[in-house]
Amino acid sequence: MTEFMRYISGYLTSDKTPGGAGNMFWACVYILLVFAGVSVGVICMNWLERKILAHMQVRLGPMRVGPHGLLQPFADALKLLLKEDIIPAEADLVIFWSAPFIVDLAAFTVFVVVPFGPTHAITDMNIGILFMLGVSSLSVLGIVMAGWASNSHYPLIGALRSSAQMVSYEVAMGLSVVSAILMTSMNDTGTGTLSMIGIVQQQLIQKEWFIFKFFPLGLIAFFIFAVAMVAETNRAPFDLAEAESELTAGFHTEYSGFRWSLFFLAEYGAMMAVSSIAVTLWLGGWLRPFPNLLAGTTWDQIFSYFPGVAFLLLGAICFYNVARMPKHPYFRIQTIGLAVFGVVLALVGLVLFIPAVSVRIQDIFWFSAKVAAFMYLYIWYRGTFPRYRFDQLMRMGWKVLLPLGLGVLILTAGVGLLQIRS
Amino acid sequence: MTDPRSLSPPSLETHVAVRDDTFLDTNELVINMGPQHPATHGVLRVILTELNRIASHQLWLGTHALDIGAITPLFYTFRDREEILKIYEKYCGARLTTHAFRIGGLQYETYNGFEKEVKNFLNFFRPKIGEYEELLTTNRIWLERTRNVGKISGEDCIALGVTGPVLRASGVKWDIRKAQPYANYKNFDFEIPTGQNGDTYDRYLVRMEEMRQSVRIIEQAVDAIPEGPIMAKVPKVMKPAVGEVYHSIEAPKGELGYFIVSDGSTQPYRVRVRPPSFVNLQALDLMCRGQLVADVIAVIGTLDIVLGEVDR
Amino acid sequence: MESLLHITTLHYLVLGAALFLLGVIGVLTRRNVVIVLMSIELILNAVNLNLIAFSRFWGGVHGQIFAIFVITDAAAEAAVGLGILIAFFRNKETVNVDEVNLLKW
Amino acid sequence: MNPVAEPALATPFFFYLLSGLMLIGGILVITRKNAVHSALALIVTLLAQSAIYLMLYAPFVAGVQIILYAGGIMVLFLFVIMLVNIDRALKERQFNRQWLVGMAAATALGGLFIAVYARGKAIFPERILTTAEGNNTQRVADMLYGPYMFAFEIASLLLLVAIIGAVVMAKKRI
């Protein structure tokens, strides 16, 4: 037993990821944590998307289930689980069953290498970014399977559209990723890295986020990726695969209940995954903002308060809304619920002020905050843009982003060469 | 997502209101009562129909943008349309079937503060057009989806009998409000917006401009509501002269005409409606030639049809 | 038992040979061009497996380089093969190899 | 209680698991009537194979295998299968005895393999090198852009030719 305890506690002093240290126990813990974290993220995202989109569109959004609809995702999940599971008679059973799981598997496996902090990743592969791109490209298989197995026209067309779209945007995406990887080799030793943690550490060493590196090359590469990742995840304005005015619901038209919710989970998981790639490659991963402009221990100290302050602010927003709740007995439970939620948030915020906690948590906080910013962008796009037509989408991928990506790649290499020479 | 216009009752409302208007106009001509109209009636009719035009264009904009994938304008337009409907509701008690027009004038007096509320609405609405345009007019994706999509030339429009904003966007300056002024339109100052290319984008711009022009007309009309009766003296039993008559007005979607044949009895011998949606829909074939399937959605949206009017 | 549990290069070679055989059987027996092409992919993968196993055996990366070239080749082959297939299907409405018996169609 | 997995057992376990997956996938590829099922079975084979590459310390090739094969080529296959609607093939029965020929050829080839192994048992590698993982990607890159530069360029030319060929073949009118 003591040996087991030592095995567990032995990792705590390690400066490697659990996968890197070969510690199975902590690897499993991290897997559970990441899985739970992503699921909670999807739940939050569900609520936030409906709320933010509603407020953009002068509506209120969910208001009935829980205070300000906070429990709406749970109600939805319950409803989806209780719904009848309809499988079309002519569907290809095995493929129809397995398609949602493959999409989910692809979306969640990607998080194995996502670095939430220098040691906060399940493992650190030395082909990390390659692995991420590869596995996230597998989700297209699930989509094609779902569309084909439904044995129906709309899903098939939707699946064909989305696979064509994902395959073509992968090219531009890959090129922009390569230009970022090229930037990792602009150090003293001249060796780059494909490891996700290594990429962020290079940004730390070079004292520059890659988005600002070789201005504007890094910015353009980031822009290409930011466009391609929206197309990769089939979100507005590239949601051709599920354009409801044309294809009902695209590849998941025939899915209902639990299976549909798996697609939903995968979509949001994939959004987070590609956002994490963007954050890792260009926005400095877990690094706090302005690492070189506002350097020094004082600033480190100030920035370490941010997670706590953020949660306290969320709690304050809750209390503000508690004060605004109608003073009617009908709303009493909702008011109390919101107040309790605010208290919980504020308590979390206070806990985050403890130095021992804040040191461990702030990497994760900055990473999640950056990913959350991308999530907000996704919602914003959806509220703002009309939908592309399919030929325009293809033209955009092949004739705009691809040459742009190639140009950025060549220029990055050239500028890097000049820098090494000088 | 189904096109809401094909399902939801509010879409019919604009039509019913305007249709009442024309039908009565035509009837009036048949029984030759036109000149006896009280002046108030004409001005009020302009206000009400122009409000209707705005409401119709708002509905069109929201659903058209929704079809092309922009979900937000729908909520903006419905928010603002609600203000118009409130005025209507207060005026005649109905939001859906505004039924104030009668032979000889209007049934209802305006309520207290009608002018003020209409003016309030105008002040409220004027910046909102800019809001819609901000979302769409210079949006690259909107431009790509609508420019050079569903092109139709002015000649083709005329050959097919297409009227309304579709015709005007193709460069033909034809508006019955100017060409054969009815009600009090000749007293008001407004422009007929026209486009050059006759594509979906031009039709969008024309309708946006028409909303502005409607605001301009209502502005003038609200200040010019004369005192006096709203209804002329109408005999209990009307016996029109034997003959036939066609009268049309510029409905929001195009020319809406009624053809009535009278045999001298109290009932019309024959009534035929010339609906704008039915006729405009004919252009769909021509406009979709050589385009992609996804463009059909944009083209159907830009024609601004109400299927209840087409399927008769 | 010991030889089964101690995985050596030979094991990988046997696996590669088995895959290769499967691919050969597929190419020879199936009529569907798509499945024939897939069987060719199987054969190429068997070759790749051997290359990588030997690159591990010698501790170099030459085998891996060759595997990458083979994958490139497979991509090119699949693209051209499927292109031919589509052209063929458009003209003959079939995807069976034994119906490709005309020099010109 | 020893939670540290026995490395000596982990390798054979994963080897047999993955090779079992590969062989089952391979058998399904050549036996399924439905081309889509075949393609999916092939994908399973390819993924298992990329995991085997990882076991052989060739992570870069494993990544390339996933991205190119499973994410690229197989999607192309699925795409084409869906484009050419081959429902008809499902209802047809194959009358010719081609499988006999195939089995004969395969048996001959298998016999050849076994014969080669039986005759030259001595030269067959029974050992396996256990080097550290190292920076495999970098070594591959050094090789690819060093000694193999010419071959690399030829490969790119090949791809260009393939692109043009595929476009010429598949496009209705050029």
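As written, the chain order gives the labels A, B, C and D, with residue 1 at the start of each chain.
Note that in this section contacts are C-beta pairs under 8 Å (C-beta built on N, C-alpha and C of every residue); 3 or more make two chains touch, one makes a residue touch a chain.
Bear in mind the structure is a predicted one, so any value in this text is a computation, not a measurement.
Asks: Have a look at C-D versus A-B and report the one with more C-beta pairs in contact.
Replies: Per the contact counts, C-D leads.
Asks: Could you state the distance in Å from the CA-based centre of chain A to that of chain B?
Replies: Inter-chain centre distance comes to 47 Å.
Asks: Just the number, please: Cα centre separation of chain C and chain D in whole Å.
Replies: Chain C and chain D have C-alpha centres separated by 6 Å.
Asks: In whole angstrom, how far does the Cα centroid of chain A sit from the Cα centroid of chain D?
Replies: Measuring from centre to centre gives 31 Å for this pair.
Asks: With chain centres defined as C-alpha means, what is the inter-centre distance between chain A and chain C in Å?
Replies: The mean C-alpha positions of chain A and chain C differ by 36 Å.
Asks: Can you pull out the residues of chain D that are in contact with at least two other chains?
Replies: Expected reply: 60, 64, 72, 76, 83, 136.
Asks: Could you classify the connectivity of these chains, where an edge means two chains touch, as line, ring, star, complete or other?
Replies: Looks like a simple chain-to-chain line, open at both ends.
Asks: Output every touching chain pair, sorted by label.
Replies: Result for touching pairs of chains: A-B, A-D, C-D.
Asks: Can you tell me which positions in chain B touch chain A when the two form their complex?
Replies: 1, 3, 65-72, 74-76, 79, 135-136, 139, 141-142, 144-145, 292-295, 297
Asks: In their complex, what parts of chain C are in touch with chain D?
Replies: 4-13, 15, 17-32, 34-35, 37-39, 41-42, 45, 48-49, 52-59, 61-62, 64-65, 67-69, 71-80, 82-87, 89-90, 94-96, 98
Asks: Report the residues of chain A in contact with chain D in the complex, numbered from low to high.
Replies: 1, 3-4, 7, 24-25, 92, 95, 125-127, 130-131, 133-135, 137-138, 140-141, 144-145, 148, 156, 159-160, 163-164, 167, 170, 174, 191, 194
Asks: In the complex, go through chain D and note every residue touching chain C.
Replies: On the chain D side, the touching residues are 8-9, 11-12, 15, 19, 22-23, 26-27, 29-30, 32, 35, 38-39, 42, 45-46, 49, 52-53, 56-58, 60-61, 64-65, 68-69, 72-73, 76-77, 80-81, 83-84, 86, 88-89, 94, 96, 98-99, 101-103, 105-106, 109-110, 113, 124-129, 131, 136, 139-140, 143-144, 148, 151, 155, 158-159, 161-163, 165-170, 172.
Asks: Contact residues on chain D for chain A in the complex?
Replies: Where chain D meets chain A, its residues are 1-5, 34, 36-37, 40, 43, 59-60, 62-64, 66-67, 70-72, 74-76, 78-79, 82-83, 133, 135-138.
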